[in-house]
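Alright, structures below, take your time with them.
Across the two complexes that follow, chain A remains constant while its partner is chain B and subsequently chain C.
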Partner chain A sequence: MENIIEVKNISYQYPSSTSKALDNLSFSVTKGEWVAIIGHNGSGKSTLAKLLNYLLVADAGEILIDGQLVNEANMWTVRNKVGMVFQNPENQFVGATVADDVAFGLENRGIERERMLALVPAALKEVQMDVFADREPTHLSGGQKQRVALAGIIAVAPKIIILDEATAMLDPKGRKEVIAAIRKLKDRLGKELTVISITHDIDEAADADRILVINDGQLVEEGTPATIFSSGQRLLALGLDVPYAEQLKLALKNLDVDVPEEYLDEERLVQWLWQLNLKM
Partner chain B sequence: MSNMIIGRYVPGNSIIHRLDPRAKLILSVSFIILIFLANNWLGYLILGLFTLLAVASTKISLAIYLKGLKPVLWLIVFTIVLQLFFSPSGHVYWAFGPFTVTNTGIINAVYVFLRFLFIILMSTVLTLTTQPLALADALEYLMKPLLKIKFPVYELSLMLAIALRFVPTLMDETVKVMNAQRARGVDFANGSIVKRSKAIVPILIPLFVGAIQRAIDLGDAMEARGYQGGENRTKFRVLAWQRRDSLAVLVFMCVLVILVGTRFLM
Partner chain C sequence: MAIEFKNVSYVYQPGTPFANNALTDLNFKIQPNSYTALIGHTGSGKSTILQLLDGLIKPTTGQIIFDDHVVDNKTSQKILAKVRQHVGIVFQFPESQLFEQTVLKDVMFGPLNFGKNPQEAQELAQKALRLVNLPEEHWQKSPFDLSGGQMRRVAIAGVLAIEPQVLILDEPTAGLDPVGRKEMMAMFAELHATKNLTIILVTHQMEDAAEYADDVLVMANGQLVKHATPMEVFADITWLQAQQLDVPHTVLFKNKLSAQGFDLSANIINVEQLALALQRSLKKGGNHE
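Now for the complex of A and B:
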């Protein structure tokens, strides 16, 4: 398996801070993987996102993206390979209209206009925002703006997409739409796209192939969603929410109900629940 | 906030709306210069007819134009009064202390009034029928010669476009901050001017802090999307000069020639 991201012993400290935001952190991501990075506020996960894209420069350690060292000389090729969706929908909308915003990344890469005229509508169609092409950002909801941001990334076709708390400021409906759009994209591109989703929304993390738990700038746990969520108490201790299904399981356990050990999503928990009394 | 000057664009599909923003920008500016060429009633009549033609062909109701005149009404009145009472030469109709009303004074007052009227109407035609962003594009195109002296034309026009794009965002934020403070008992509408001005300061601080945070975020987002400055960028939005634009310039040239003609005739 080819590693598309390799993070080796990186540390970072903000100039105004007394403690390290990231402390000797190492991990790797294989090509085509969907990895969720979870941690409470201030755990260093957004700092990590910015380091991957050379928006911040690590104090120590090195990062390899697609075999290329992330440094000043390579920063623009690295940024070509990594698309980022940020947290605040309003503050990443550069263009005056939806189509202009999607075209921004293409303009930066010097793509001829004829190709843009084909790429922009295609990217908007992918996130189902094509009818809004001429809209101004003021007339869009947060979820719609995030989908436009995603379209802007789809248009430039990077190998890696980093979602830096991309759904944190959205209402539940907008959140579902954005996650659905990403999942659709991932299904279409398969192994060609690697997704890093930085979040404290546990339900979003449950979609990932693998979860990394970060606390105080260090990797504290790593595993599939099932194994991570089954240690519910530990997550709570790290200041993280446990998925609703897992909370219910915990409550049942406290009532001396014999619950399965492995992680169940809501659907499978319902399946298990309705069969529970049949077995008795 | 609906009576803001910026973004007064009224959507429409009239011939003026469809003109190239470059044509509109050049012609509006030239028209303002042209006005000062008129020195007799025939010239003003021709300019008046041309202005009315432009206003009428926008198909926007006259009420909106009159609203545009309102903010500068006092300036116009002041200038007219100045012209009317302080003209030193000509036949004196009425005099009281330093105030004299003469025939040249009356004529000058009328001319000044007409100049103001035409300039405001024409620039209103420009802003009502042209999206601010299209104007920014036009400005970028017209400033291109300045690239030769290393003037950052592309950066400036992107700055202008982003500023325009964030006007509604920041206005929303202002309303939010004001509402939050109203909910805590701040009164913006009553009290003396000093008291009301003092109430503004606590609005500005969160607004500035918010705007700076936005700017930082936007900078990150732009860099992440590969923005490296103006050079080597292609443009998604392009302006297309069409026959009707050349025609508009032609009409304008005719007015210019006739106007110059009246100077010799009268």
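Now for the complex of A and C:
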């Protein structure tokens, strides 16, 4: 299968820091995958996101995006392929109206006006913000702002979308809206869109195809959600959350109930408990 | 400190075409040393209540009684300033309000502002920084050189330094990672227990409200729609969903178990309670081996 992202042995250290933010990190992402990256604050997740987009330059190692080396010569083509939504909805607005804001990325790329007139409304429609096209971004809710930021990215049709804790500052309703908008986009584009979601929301990570766990700048685990969540206690030790079913399993284990090692989602845990109940 | 709302209403921009009833006829009492969760979806009036509690705005009609101070529409700024000394409020993302050159100076700002001399202010600041577990090695650093979680602790210390009797927390864990969230909530629980602080927690995290609060106020459209124990509020899925509130995970999961045939008590709202009930239920079946 074709790899859309290849990260090979990259390291990065901030000038003001005494330790490496990323330390010899390698992984790859298949075209069309949805990958969640989890790790506590300061683990290096956001640094990684910035390296993928050449907002930071790796000290060592190399990154290939869609077969192309991420370097100064290629940075503009790479950025056309990688769109990012950041954490704080307040920090990513430049336009006076919602539509202007979505057009900003297109203007930057020198897209002619005729095409913008079609692309902007289509992108806003995709995230169900078309009725807000003429509003000022400041008057929107957090979830609406993040959806506008997403529309700005959809308009330039990247192959990869990176969500850098894009839902962390939203209320539960806003969070659901944003996730639903990205899911819908992913369903429509299928293999043509790859999603990298850096998140603390474990339920969101549970829906990914694969999870990467980063700790102190290193990749400590990778696998399907089921594989990753089966090591619940290890995740907790790394300062991460586990899904509810796993929390309950741990609470039962603490009460000396024999629980299976493998990861069970909620439905399977209900079934397992019921079987146990019948057997007793 | 006890706080009582008596027929409190608040109107934004009264007497103009933009007049907007933010709060309508609120009546409730917050007991001294209680831990109250204030919940409701965005726009339900929670923030207006916070501003009233901190004396930043005055009720349009009705009274708020803080022990022996009565605040109504005509209360002077002088009285409000007195009330504010007893009520500390930690706003959302409080680290954005840090401004001083050093951590210690930033925390001293509040006490100095309330008339303490530099010596007293410094002692209060040191005490507060110890309460939030910020190691002394950071006290002379610029607050902007700290991590996000540490910056938030400094901002909270700034509020604790005025030695409030009531601590109001507006989404105090928003944006923190899972460990940061747990440490922060544990810290408030400890302050509540050891310092006899009255805590009012404004949150969207129903799990936190279910875990830590002993009293819950539910707001919707500017009105108080429920005032009850966490058990009463969170056990009722249908009602919570009608209010567009999240249901704690434990309650949802318990419902799945009940649908499967488990006979579980209605009084289960957190994961430890559910595990204990399941363990008992499994034991009751007897061991046929």
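Criterion: the second predicted complex is superposed on the first by the 252 of 280 C-alpha atoms of A that agree within 3 Å, B and C clash if a C-alpha of one lies under 4 Å from a C-alpha of the other, contacts with A are read in each partner's own complex, and residues count from 1 in each chain.
Basically, a contact is a pair of C-beta atoms (placed from the backbone, for glycine too) under 8 Å apart; a residue touches a chain by one contact, two chains touch by 3 or more.
Remember, it's a predicted structure, so these values are computed and weren't measured experimentally.
In the superposition on chain A, contact of A:Ala157 is made with neither chain B nor chain C. In the superposition on chain A, A:Gln247 makes contact with chain C only, while chain B stays out of contact range. When the two structures are aligned on the shared chain, A:Ala103 is found in touch with chain B, with no touch to chain C. By the document's definition of touching, of the two partners only chain B reaches A:Phe86; chain C does not.
Residues of chain A that lie in the contact sets of both chain B and chain C are absent, per the superposition on chain A. Interface residues of chain B facing chain A in the complex, by the touch rule stated above, are 133, 161-162, 164-165, 168-169, 172, 213-214, 217-218, 220-228, 232-238. Listing the residues of chain A that touch chain C in their complex gives 40-42, 87, 141, 165, 168-169, 171-174, 200, 202, 239-241, 244-245, 247-248, 251-252, 254-255, 257, 266-267, 270-271, 273-274, 276-277, 279-280.
Only residues 41-42, 93, 147-149, 174-180, 204, 244, 246, 249-250, 253, 256-257, 260-262, 271-272, 274-276, 278-279, 281-283, 285-288 of chain C touch chain A when the two sit together in their complex.
Residues of chain A that touch chain B in their complex: 50, 53, 55, 76, 79-80, 82-84, 86, 88, 90-96, 99-100, 103-113, 116, 120, 136-138, 152-153, 156.
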